[in-house]
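What follows is a pair of complexes built around chain A, which joins chain B in one and chain C in the other.
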Partner chain A sequence: MTMDALKHSLVPKHSKLSDNEKAVLLEKYAAELKQLPRIYGSDPALSSLSVKEGDIIKIERASKTAGIFAYYRVVTGN
Partner chain B sequence: MKRLVRKKISSISFGIFSPKQVVEASTAKIVTPELYDREGYPVDGGLMDLRLGVIDPGLRCKIDGGKLKESFGHFGYIELARPVVHIKFVRTILDILRSTCKSCGHILIPVENAKRYMAILDKVGEELGFEARRRKIKVIVAKYRAKDKCPHCSAKQGKIKLSKPYNYYEDEIRLSPIEVRARLEKIPEEDLPIFGFKSGEFRPEWLVLTIMQIPPVTMRPSITLESGERSEDDLTHKLGDIVRINQRLFENINAGAPEVIIEDLWDLLQYHVTTFFDNAIAQLPPARHRGGQVLKTLANRISSKDGRIRHNLAGKRTDFSARTVISPDPLIGVNEVGVPELMAQSLTVPERVTEWNKEYLRKFVVNGPKKYPGANYIIKPDGKRKTITNETKDEILEELDVDYVVERHLLNGDIALFNRQPSLHRMSMMCHRVKVLPGKTFRLNPAVCNPYNADFDGDEMNLHIPQTEEARSEALILMLVETQLMSPRSGLSIVGCIQDAITGNYLLTKELVMSREEAINLLFSCGVQDFSTLANKEKVNGKEIFSVLLPKDFNFKGKDKSGNDVEIVNGELNSGIMDKANLGQESGLMLRNIYEKYGPSYTATFLGQISKLGIGVLSRRGFSIGLADVDLSDEAMEEIREVVRKAEEEAYKLIDMYSEGKLEALPGRSLHETVELRILEALNKARNKGGDIGMRQTKENAALVMARSGSRGNALYIAQMTAVVGQQSLRGKRISSGYKQRTLSYFKKNDLSPAARGFIKNNFKSGLTPYEFFFGAMTGRDALMDTALRTPKSGYLYRRLSNAMQDLKVNYDGTVRDASSKIVQFVYGEDGLDVSKTKGGELDVQKAVESAIEGKK
Partner chain C sequence: MKKEHQDIIDQYSEILPPYILGQIDQYLPSSSTKVQVEKVLSKVIEAFETAKVNPGECVGLVSAESIGEPGTQMTLNTFHLAGVAEVQVTTGLPRIIEIFDAQKSIKTPMMEIYLKDSHNSVDAVRKFAAKIKSTLFGEFAKEYSLDIFDQKLQVLLNKEFLADHEITAKDLAKSIKLKSKGFVIVVEDDRIIFEHKGKPEEIKELYNLKNKIRLVKVKGLKGITQVLPVKRGEKYLVLTAGTNLKDVLDLPEVDVTRTTSNDIHEVYSVLGVEAARQIIINEVFKVIESQGLNVDLRHIMLVADIMCVGGNIKGITRYGVVSEKASVLARASFETPVKHIINAALEGEVDYLTSVVENVMINQPVPLGTGLPGLITKLK
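What follows is the complex of A and B.
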């Protein structure tokens, strides 16, 4: 029996940022890639996305006080 | 004077001295364990050699000519007769030995792979930093360690073991430090980077000492005792041991002594060198003084609680601070702290003399250090400090002029920081205004006990006096108690009325009626002087009196503790009772609303007034508790007995069903667990019901008033005193252990009845049977142990947490970042809200809009 982890109610939506969005994000926070939080490329939540190192993943989490809260992570090796 | 050379440091690199560097950096070779000659003069070539620096007044350093405290001292060295392993590098040496070839010295990685690994390492190092590179090196080296054949010269490799603390064995044969060093010497330069060593700057054989550096005497000064005897520093003692054994080893080797004796001495030398670096090695007995006291050597100077870091650097002591026992004073404001006069005389505030305050400051100097509002020191414009004494007073008064600074005694209204450990949150250190009082304890308003988590069972607190204008204004603006009223945890008021103040207001707003004169007397006692808003009647009721304190344009709708409406319209308390729900700490929205509308300063004053009102009411009315307060009416007693009887009946019914096998198990539980759970539930329900009955009484009494107003106690305590103490439970279950299949020998085996498993049917007033008392003692002991064990555990947990998060901060762009500007949260708390400015963590948008519209009108 297998199940799709991505469909679980506690797994927030993960999506890949385009190069353009990536540039905007880094500009907005005046941050370099290595200052962002990280995520493994092998993370199960990314199984349906094709990602490579250096991509930024947007995670939209449900928040009690803020509605939807966007968090960003940089893909690192394995 | 020496000429100063200013240079900017561009980089620092840490490494290990080569034997050559040690010799080059040294000024003296140490050859004799003797310290002083017969005249008490340091021996040349001894450990106190004058070339190593001076610690005696009058002598000069042979190297730089400096006197005591002028010369920093210089390093020396000793040549070890036989090499010795450096204890702090045993693991490194082990790793190297294991992963290099015993015959050719190459690393046990094939040439082609080695290149690849180097590339990976460089990449990791560049991307993730030095730490990650180190970890990667460990992984790579570990992979090849198990190889038993050298890929370069095909030599067979032995298994190398470390026998703690510092002996190496290859296939059960001991490798002497000489052999170890020989192997390390064989490792070719080009293999070093894979281990993470910088080639050209480091050689692995340096980890086995042949030359030892001797620290300058200035870092191991001897002290002269009163008797004139000299007492040497622990390090000097240890070095003496090393030099002595080293000399003996030299002599024995030269005399061609048998190998056993040399081995023994060599081992002893290894021990002394090891304990010189670290005297707290698990497998070694620590080196001791003759008296048995453990020597404090190099590593012990730095590490652990009384080491340099935690004791001297992180634990510096401060001037202008004081500590004493605290005690309560409800009559001083929440912003104030009572300081004993004695302390006020030694804590001082520097005040600069100007033309305008010259006469004012002169008065303090005239009083001197012994008469209270006096002064202890003056500081001249050239920075020299002068003590004020009876002898110097006249002279000082004569010269005192503009630009002098007078360090005067603490006065009422001065700024102080007040703190109680453990300082777990920012409210653990707040700014108070000083109020000098007689006595020997710090006084604080009981309402601020909560943020400090203080009580008066012997707690002590610290006081600090900021010394500069900048520090004082920072403290005042950022840390004053009134600015900390709203909790950053819940957004509710963390200071509020407690105990008597709540009880008093509860009684006042609930039922009291008094004459107008009495009311005015009461109000005046809490600082009200304008009575025009007090209803102009012969008799005024409590709500009207309370309303006088409320601002006239204040409107509020809320609930009291028992769920009834509380309504304030235009500063009149129309309905409802003031109890813990609205006045208490970390509850109640009334204080919060006042704070929102009228600001910190008003709220602090208001809080002071209502607590004084509550206390005033109680001291006029009288309030005490006695045995009669836990009496119940006959009907209530009967009712409770009935409830308990029924619960017991149910329990017996469950037991019967269980033993007959008719009981159905709850999902995921065994039959036995089910019956236990259901009995527990039934009995607990009985106690709660008993408590409700107790609380329902119509006749007011002190215990009930306290429970209802929320100032002290609750329904459970009332129930335990008046009705039933109830089921005693250990770890969420009824008491089951003790004897074989029973709790006490008084009961039959396998008796599941309530009484046999810790149900206390009596109440505290009627008294407990012996076995009931024993069950009570069991749970009591358990609770005591639990708190005693949990407190340090959770304290350590919190320490780790706060240390891990200490440099996180919210930046101007709203992100939370650590010290290296790595982002932790993109918006603080995911919503960017300051909780202390919200209502339970959420913004009340409706209210904000309403007040904005109102403001426009």
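What follows is the complex of A and C.
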């Protein structure tokens, strides 16, 4: 496929968290990696990010009720 | 807005969500003083805190009731409205079931194709619609005649239809070449003649050939069976029956930022899990809205989140979301209880009774609301 999925209006902004941000996030929610929602590494929205298993993806969703809010998913295999 | 208001509001960015802050910013009169602004903000915080859901509130149950109750009214409405729309669309309860069960093949797959601004005219939209519609060889043929004596199959073509689609008889012959191996194809102005290569064999073969070539796709995109150019506001768009999101998005005329399909699985494979979640919300909301019902968007969002939490789409079925539950008893309470209990017994599964359903079943307090926190008592 030639187009970038991120350009589509249905796809919110995806970005990868640095190791530091990752630690802060897990500390804030007192969560472990396996408790986070998942996203597959092969997901079309991640094609322009180089991700590996265990990375956390920050997704900035536009919501009618809360404006823009962040949602986090952890990358799992293929 | 006044700069100083902005500064005060910015201090609250940790406490209130950006959307609410934006609203305050928008509606504050520019004449208000610093004290007034702060007063407004403290009132908003108060209202915001009371509106928050308490820890331990069973939001899933509230969602289930809030979607389920209007659902009972929906069933009745569906049958009255059937067949009214210009393109047949599944709505009402059948569509809701399709979405929530995440069914692989839906009854009426559809796409809304938006075109780039440079193609925003009646002619361009018509032309584009004709281009993507999948057209079979059979649609170009006016008449088939089998010549038994000469062992020939003659196909008379519909010339006007060919001209409409800007296709010549030669192009047609080319597209069916693969399917008609072993035959000599003679192309004339308005007819195509098939003859056996070498010695004539059974007439049955010619008959089979006829049935085979009729279903060969000559042009267009696979799966798109109907097209309907429409005008919505200032924009022209093409509604289709049948979907092929992947190929459509690759076409140069298409506005790739807005073109969508109503097939959740297709959106998932082309645009990813987040887009699929959004499509679930949009599609369910569309159905509920079209029935004149009123369900808060947050209930639908919760269901969509649950369906997409694992990175792929799971339906609310015993094979989807329910199969992921940790507790044997909770799974058994949904559907096919005997199967779950037997399998759990075979594998020696342990139920830690950490969730709701299993505790209800064995008559214990459930971890919800006031049952959630444990009490620590200091003994003297």
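As a convention for this text, the second predicted complex is superposed on the first by the 76 of 78 C-alpha atoms of A that agree within 3 Å, B and C clash if a C-alpha of one lies under 4 Å from a C-alpha of the other, contacts with A are read in each partner's own complex, and residues count from 1 in each chain.
To be clear about the criterion, a contact is a pair of C-beta atoms (placed from the backbone, for glycine too) under 8 Å apart; a residue touches a chain by one contact, two chains touch by 3 or more.
In this text the structure is predicted, and so the values were computed from the model without any measurement.
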item: Contacts of A:Ser18 with chain B and chain C, given as first, second, both or neither; value: neither
item: Chain B versus chain C as contact partner of A:Thr65, first or second or both or neither; value: both
item: Comparing the two partners chain B and chain C, which touches a greater set of residues in chain A; value: C
item: Touching partner for A:His8 - first (chain B), second (chain C), both, neither; value: second
item: First, second, both or neither for A:Ser48, with chain B first and chain C second; value: neither
item: Touched partner set for A:Gln35, first chain B, second chain C, both or neither; value: first
item: On chain A, positions contacted by chain B and by chain C; value: 37, 61, 63, 65-66, 69
item: Residues on chain A engaged by chain C in the complex (per definition of touch); value: 1-3, 5, 7-12, 14, 37-40, 43-46, 59, 61, 63-69, 73, 76
item: Residues of chain A that touch chain B when the two form their complex; value: 28-31, 34-37, 61, 63, 65-66, 69-72
item: Of chain C, residues touching chain A in the complex; value: 17-20, 22, 246, 249-250, 256-258, 260, 267, 269-275, 278-279, 297-298, 301, 305, 308-312
item: Complex interface listing, chain B residues touching chain A; value: 127-128, 813, 815, 817, 820-827, 829-833, 841-842
